[in-house]
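Below are structures written as structure tokens.
Shared between the two complexes below is chain A, which has chain B as its partner in the first and chain C in the second.
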Partner chain A sequence: MSDANLSGAVPIRKSSLLEQSALVRKRHRTGTILRWLGFSAITLVLMFLAILLWSIVSRGVPALFQYQAQIELYYDPAVLNPDGGDVSAEEIGTINLRTGFERGIFTSSLRSTLENAGIDIEGTVSRRWTAEAIGALDAAGLTGASAIIAAAPTPADAARQLGQAGSAVRAAVAAMDGDDTNAAITARDAAAQALNDLGFAQAADRVASIDPSDSAALAETGYQAALTDAAGALRQPAQFDDAALSSIIFATNRRDVRDQLVDNPDLVGTTEKTGVPIDISVTRYLSGELSGVGTAQMPPGFDIGQLALVDAMVEADLISNSFRWHFFTNPYSQSGEITGIGPALMGSAYMMLVVLVFSLVFGVAASIYLEEFAPKNRFTNFIEINIANLAAVPSIVFGILGAAILFTLMDLGFGSSIRGTALLGGLVLSLMTLPTIVIATRAALKAVPPSIADAALGVGASKVQMVFHHKLPLAAPGILTGTIIGIAQALGETAPLLLIGLSVSTGAALLSSPFSGGLLEQAQSMPTVVYLLAQNQDAPVREGLAQSAILVMLVLLFALNILAIILRRKFERRW
Partner chain B sequence: MDDLRRIERTTDMNDTKISAKGVQVYYGETHAIKDVSVEIGDKTVTAFIGPSGCGKSTFLRCLNRMNDTIDICRVQGSITMDDQDIYDPRVDPVQLRAKVGMVFQKPNPFPKSIYDNVAYGPKIHGLARNKADMDGIVEASLRRAALWNEVKDRLDSPGTGLSGGQQQRLCIARAVATAPEVLLMDEPCSALDPIATAQIEELIDELRQQFSVVIVTHSMQQAARVSQKTAFFHMGHLVEFNDTDQIFTNPQDPRTESYITGRIG
Partner chain C sequence: MGAFITFPAVLLLIVLLAIAGYALGRRKALSFPAQSTHSRPHQHAWHVVFATAAPSLLVVMLWLFFAGIASNIYTNMVTPDDLVDVRLSAQAREGLTEREIDIREGVLRTQFVAGVRSLASALDGYVADGNATEADIAGWNAEQDPIADRLRAGGQVLGPAVTNGMLSVAQVVRQFDRRVGTVGPIISLVLAIAGFVIALRRISAEFRARVVVERWISGFLIFASTMAILATVAILAALTLPSLSFFREYGFFNFLFGMAWAPAGDVVGIPEGRDGSYQSALGFVPLIWGTLYISLVALLVAVPLGLLAAVYLSEFASRRARSWVKPALEILAGVPTIVYGIFALITIGPFLQAVVGATVMPNTVSVMTAGVVMGMMLVPFISSLSDDVINAVPQTLRDGSLAIGATQAETVVQVILPAALPGIVGAIVLAASRAIGETMIVVLAAGALSNVQGIEPNPFGAVVTVTTRIVAVLTGEGSGFDSIDVLAVFALAFTLFFITLALNLLAQRMVAKYREQYD
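Let's turn to the complex of A and B:
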């Protein structure tokens, strides 16, 4: 029945297979361009990803190591049990953190540890300041200062002499600035004399030879500044006190140590070799980030005297750099030295548990109903569209919803007990995750070949049996993938949690088991702790520990994704 | 040979198993089956033939209420099986389908082991009291489907790993495992090579001892080979229903004649 008349058909053209026609060439060109565009897009993305990862890892990993001073911590009974007699935990609990623990325990323990290691604390500090003074003078050409300082009875005397000489030079500059030539000559000579008296003969000659009207030339010598600086430096060691000593280590507000002693009063009177964290600013010096020379390179709040002690401690092997295990168990704290993500990790894990239970159960149930059992009418259509829309709702909106529920509960009288708990956080995140899971589950159910459903119904399976025996197992990999993606999303969600109080419960301790009320305890969460860490007043916390916490989250997400892949492989044996 | 068969036919043709009267099927606005009445005998192979889109599958699916799963499909008229209306509201389609098994055009084994494929129906209908019972049912069904010798050593391997013909026989085994009274087959051989087709045809002839078989086919030769009764459908109408011999040797309707001689289609 084929039509033999081909008059309407395209005429056959003869052409060589070996040469490309213009059309084919054009197609090839488009193909090549598209290939290159795709390739460069991928390269660019990978590059950004690499930069991002590198920046996180290069900051986050070193921050996981902490400098600690190995201190013989002596729990002095004179401080902890001043009345004598039996040690009472209650009494320890009332001891002042500053006078008792910072001064009485930490400072004196540090002092004795240093002394036992053969470090002369005051000597080390004053030697460094003296060197600083000599350095300042040398730099200005005032050589031979060490002899002068050594000759003075005390550094304070030397400081006074240098200060007087400095004043003489300043007076000379002022006089030479004026119109009175005689006065200028007198002042100049007095300055030269003062320098000469101190032993700076060369400098004295130079000052004496300056034209009395040329005040600028005298100012340019820099003698005055050097003398004043040196005098200042020599006065510093006298200011070195207990506070300056103890600020090197993390000794303030050691509530944790006090709590430990309250729990275990037997420790009183014992000596424990303990790694006490070095102050977080000083760690920047130890890590080489700050050189300690000049104001800009000085750890904020510290001076070279303290750094000299730190150097001496390093030399005496009293400072170690060890892994910050407590970062994974400690609660969040303002102080970078002891801050941690323990409760946050637990809180996030609990929330994931809540999310898993709620969103998986409700999500899968809702999807099965909508996909298999719901009548197709306007109402179910409306629900379907809205579930899809829900997936695009910004997470903070869910936070507001959570907050609204919270306020309602508060009005009813039991809001404060649920505020900031993992249960509330988990519920809010479940709402967010639900659409993702519903969409994934429905797609997975749709993807099951209809012939399988026919087969099941054909042998007399009921609809429920068909869904649960055949469709659901086949859809499981897709459902699992959707669930894990949803949970991973929820893990990183910050905004809703901030609104329902998961960031303010900063005192949260490790939670108890989720089956014994842990879900109803005040919790922290990883993203909110990252947020808090990134706002910390100390740069090493902002730029180091925040990245470490993010690294932990990335590792968790990575693990979740690996899990998703493994589960999918396991279930995807579609024979 | 031919004579022998004819004798067989006449002896086996006894009671009516399924009786359809004035069946109308609509897919939304489409009127797919128009006033079809047909009587399907017990222990008989009935073939449905007709051009593509004429409604063979639709009518077949009415017989075990598989059309219920299509939302837009409406069935009117009466279909009775052993004098009971299968569309009676009191009838559970699930129970009906256990009695009226179905084999589909494309082999569709479950993505499970060969054993589980066959055991699924008996399991959900509670036909086996214990494992030994079930083993017996599985073996008997696979033997019926002429598959036992090929798979007896690998009952745990996936059913989807079999060849197309084996898969179709597995689907037949699955269908007969629930001990149905009627077996509906929608173009069961369309995906198979001549050897597998021959095996299945042989099988159908054997199954006739116990079941009433309804087979949809596009192959006139197949209809002539396996069936005792043939129904010719055209554009939703049942044009002619008669003994297979009659249809192929002495068609009453000109449309039937032109179809079997290859002029419509």
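Let's turn to the complex of A and C:
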């Protein structure tokens, strides 16, 4: 074919090497498109990665800081030691957490701290609600409300008067809707009178001038809604009680304070300045995520009176934002204020220990056998197929295997105490890691040049000696790298651990040492705690602390991977 | 006496004996003239260590495992059939068939045995802490003494309430446990000492210690390499046995073609619904529908992106760009799936909802939420596999194509991709298998807690998948093999295992064939 082209029979094309024809340009254009498509695909994926990491860091880092109220905690003898005399640890131990500690100590300490800082608690709350009422009235054009409210003997009286006026307006709207013109006029005038009595002269005139059949016009003024809202707002301060005050801080079940007092009863009667966590919903107001204006912007379960107090506390410098150290030591808890990943870190470390011992010993031994000793026969072939398949089995199937082992052992009489132990979790994860380590070890053993083996055998070493004295040390860096990568994978595995009960074993505080049975205690693990945090009822926990826990996990993962890379760079040998 | 022969003490003794064996063996071997011995002194020493420790440690492990089982069997044996604790009352028997009574009494018996064993260990702990003597316990009466409270106050973990029947059986079982717990350590200790003595006496100039030691080592190596087979066999057994009993109970075709999934917690063998069927509806169709739907979305995202990325990286990108992009993609591949799941739940889900509106997408969890994120997770998987495959296309094909005047793009599209096609399809099949088996993303982002029971055609609606149902049933206080729902979940895992196995084998064959073509 090429001969034909060279023969000269083909007419000379009028084209130039320097000038591209339309066809060539078109062909190159397709190339450019392909190149751009590839480039944008990679950009898209990298952008996704960037957004993923950003969403974790931008949420997780702020959540690691916690707003705390600086409270002078007074260990009140009246609460802790009602019968007087010497205080004993047992006595304190029996005091009810809710009534004694939450109400008796925390709430009253908070109250006195605020008062000492010059905050008038009830006054602050009622001023905010009054301002809210005036705002509502002003918005509807009922001007001069502040004087009217101030004139009333108490806010409750003002609320009653405003409420009555509101009812009068509502009655007027209803009457004007009806057919009875006289009744409509009477009701309209009554409403105007009520407004006039209150002091809203302008509004009264406006109501009086409305056509009695035009109920829509009266409704459009918005007076009724404004009056009712204002009345409601003015009634709120009266409902502000200790429970509303103490809900600002996290005082629920303060077991730690009780334990501290049990250990040291001499503290009773003393005052201690402590940081008490602010309720986790309020933190979103403090961080500016929720503005506190309008229902959608309120922290769930709180009202503006409480927020006014929070503002006052911020102004009096009673609220500090400090690093949440206890997040790294506390056990998991439903309450975001005190939840932590301490036992989870520990449990994960234990599991990684089990994985390391089990899969390293068995993985390396299996690879040595397959690579160096195994005859090429059906049996070893079968083993190889098995390892390849184990590598591709979905992780949840390993979880099912773990669950089956768990149920079987329970049926066989090992009791349910083996559910969720670090040993069981570690063994399941080891089976998943085994193929990774086998593949890495075999590659590392293969990379050792045969000349070394030949030399060892040549000077009279046995095969076992050749492998253990020469090949294995040279392959060690590769094996180590593979092991670290396998462990990093195992660290993030969640599904198998969920199925063997690690998500329900939330009771464990800190585990004992692995040598004294710590492996057989109910454990938590990082990924399962992340899972639990992600399903918490409070949005700040779901979106904040879950990300902090992920951040910790990712930092560990990256550290492991970087360690693997460094080891590879440092010890890698090329022959 | 009995208190000192416990397993920890015996383990310590064995370790000490092994260390002593090493030292003594070495000393004895050193006493021979160096030229006349077959093996080196440390090989003799190791021989003593193995002979001392290996058999006895093996006995310890087996004993620990089988003692629990034996004690359970023994408890079952000594529990009288006419004990009130394990019999249904006449009232409860009414209207039940013979088989149902048997099943319920079986459940009672299992609970009783578990209760007795936890009581026995609680009593052991109570006595060991010095809270009571054996004579005290012999005088306890469950009807008058608050035994459970007493034990719990002593820091013991206890199951259900304590009855006199439990107490009497527990005392018998404790005696048995004590005996077993003493005999086991003694046997292993005797083995250790015997091994120690025999191995030390065998040391001589002619003794081929190295050969024996190496035999021990290769024995262990072979044992270790059968672990992979053991794991596979264990998985198969764990999946098959419960699945078979589920299929027998519920009907294989009822499961495979069932159109609804609504577990209700029936006990196996006792269909409580009307017309003698189970109340739980355990149909496979909605689950496989959800699984395949999400996998399809994931592949639609992952395959174009992954392929384009691979083509760009292997054919167009500069060496510098490659050295930056590849590690970045590896980061994406190394992120745990639960992180993707949470990202989908709190970032992608609300974003999609804002885009398409709340009428089309009532929840933030949906097929698209899970599918898009899973697709992104699979991109590095597909791109690195395809990258390998594309790089394995012989350079001669590239050079030939360029030499006859094709542009680079034409070479890629018309020569390299067709040549690499089997490998690329293999990569896609592998990705599909991963998508089907993926758990945490779908649990968090596809509606794990939703009560969807049937087929949901809306891509922005929540679905149920195979893996989410497995997690939903087995998370929490799973009730063991006596619930039909748990058995059904094993059947789900069984089908999942075989689907992914088939896909993996298919992919492996394709890649292997492709390799053969160019080798």
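Operating definition for what follows: the second predicted complex is superposed on the first by the 523 of 575 C-alpha atoms of A that agree within 3 Å, B and C clash if a C-alpha of one lies under 4 Å from a C-alpha of the other, contacts with A are read in each partner's own complex, and residues count from 1 in each chain.
Note that in this section a contact is a pair of C-beta atoms (placed from the backbone, for glycine too) under 8 Å apart; a residue touches a chain by one contact, two chains touch by 3 or more.
Bear in mind the structure is a predicted one, so any value in this text is a computation, not a measurement.
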item	value
Partners on chain A (chain B, chain C) - clash or fit	fit
Contacts of A:462 with chain B and chain C, given as first, second, both or neither	both
Which of chain B and chain C A:452 touches, first, second, both or neither	first
Contacts of A:470 with chain B and chain C, given as first, second, both or neither	first
Residue contacts on chain A - larger count, chain B or chain C	C
Touching partner for A:244 - first (chain B), second (chain C), both, neither	neither
Chain C, chain A and chain B - angle at the middle CA centre, rounded to the nearest 10 degrees	50
Lowest C-alpha to C-alpha distance for chain C against chain B (Å)	9
Intersection of chain A interface sets (partners chain B, chain C)	462
Touch list for chain C against partner chain A, complex	68-69, 71-73, 75, 110, 113-114, 117-118, 121, 157, 210, 214, 217-218, 220-229, 231-232, 234-235, 237-239, 242, 304-305, 308-309, 311-313, 316, 325, 328-329, 331-332, 334-343, 345-347, 376, 379-380, 407-410, 412-413, 430, 433-434, 436-440, 443-444, 467, 470-471, 474-478, 480-481, 486, 489-490, 493, 496-497, 500-501, 504-505, 508
List of chain A residues in touch with chain C within their complex	27-28, 30-35, 37-39, 41-42, 44-46, 48-49, 51-52, 55-56, 361-363, 365-366, 368-370, 373-374, 380, 382-383, 386-390, 392-401, 403-407, 410-417, 431, 434-435, 438, 462-464, 468, 488-489, 491-495, 498-499, 501, 503-504, 527, 530-531, 534, 542-543, 546-547, 550, 553-554, 557, 561
Residue numbers on chain A that touch chain B, as the complex places them	376, 449, 451-462, 465, 469-470, 474, 573-575
Chain B residues within the chain A interface of the complex	64, 66, 69, 71, 94-98, 101-104, 106, 108-112, 120-121, 124-125, 158-161, 171, 174-175, 177-178
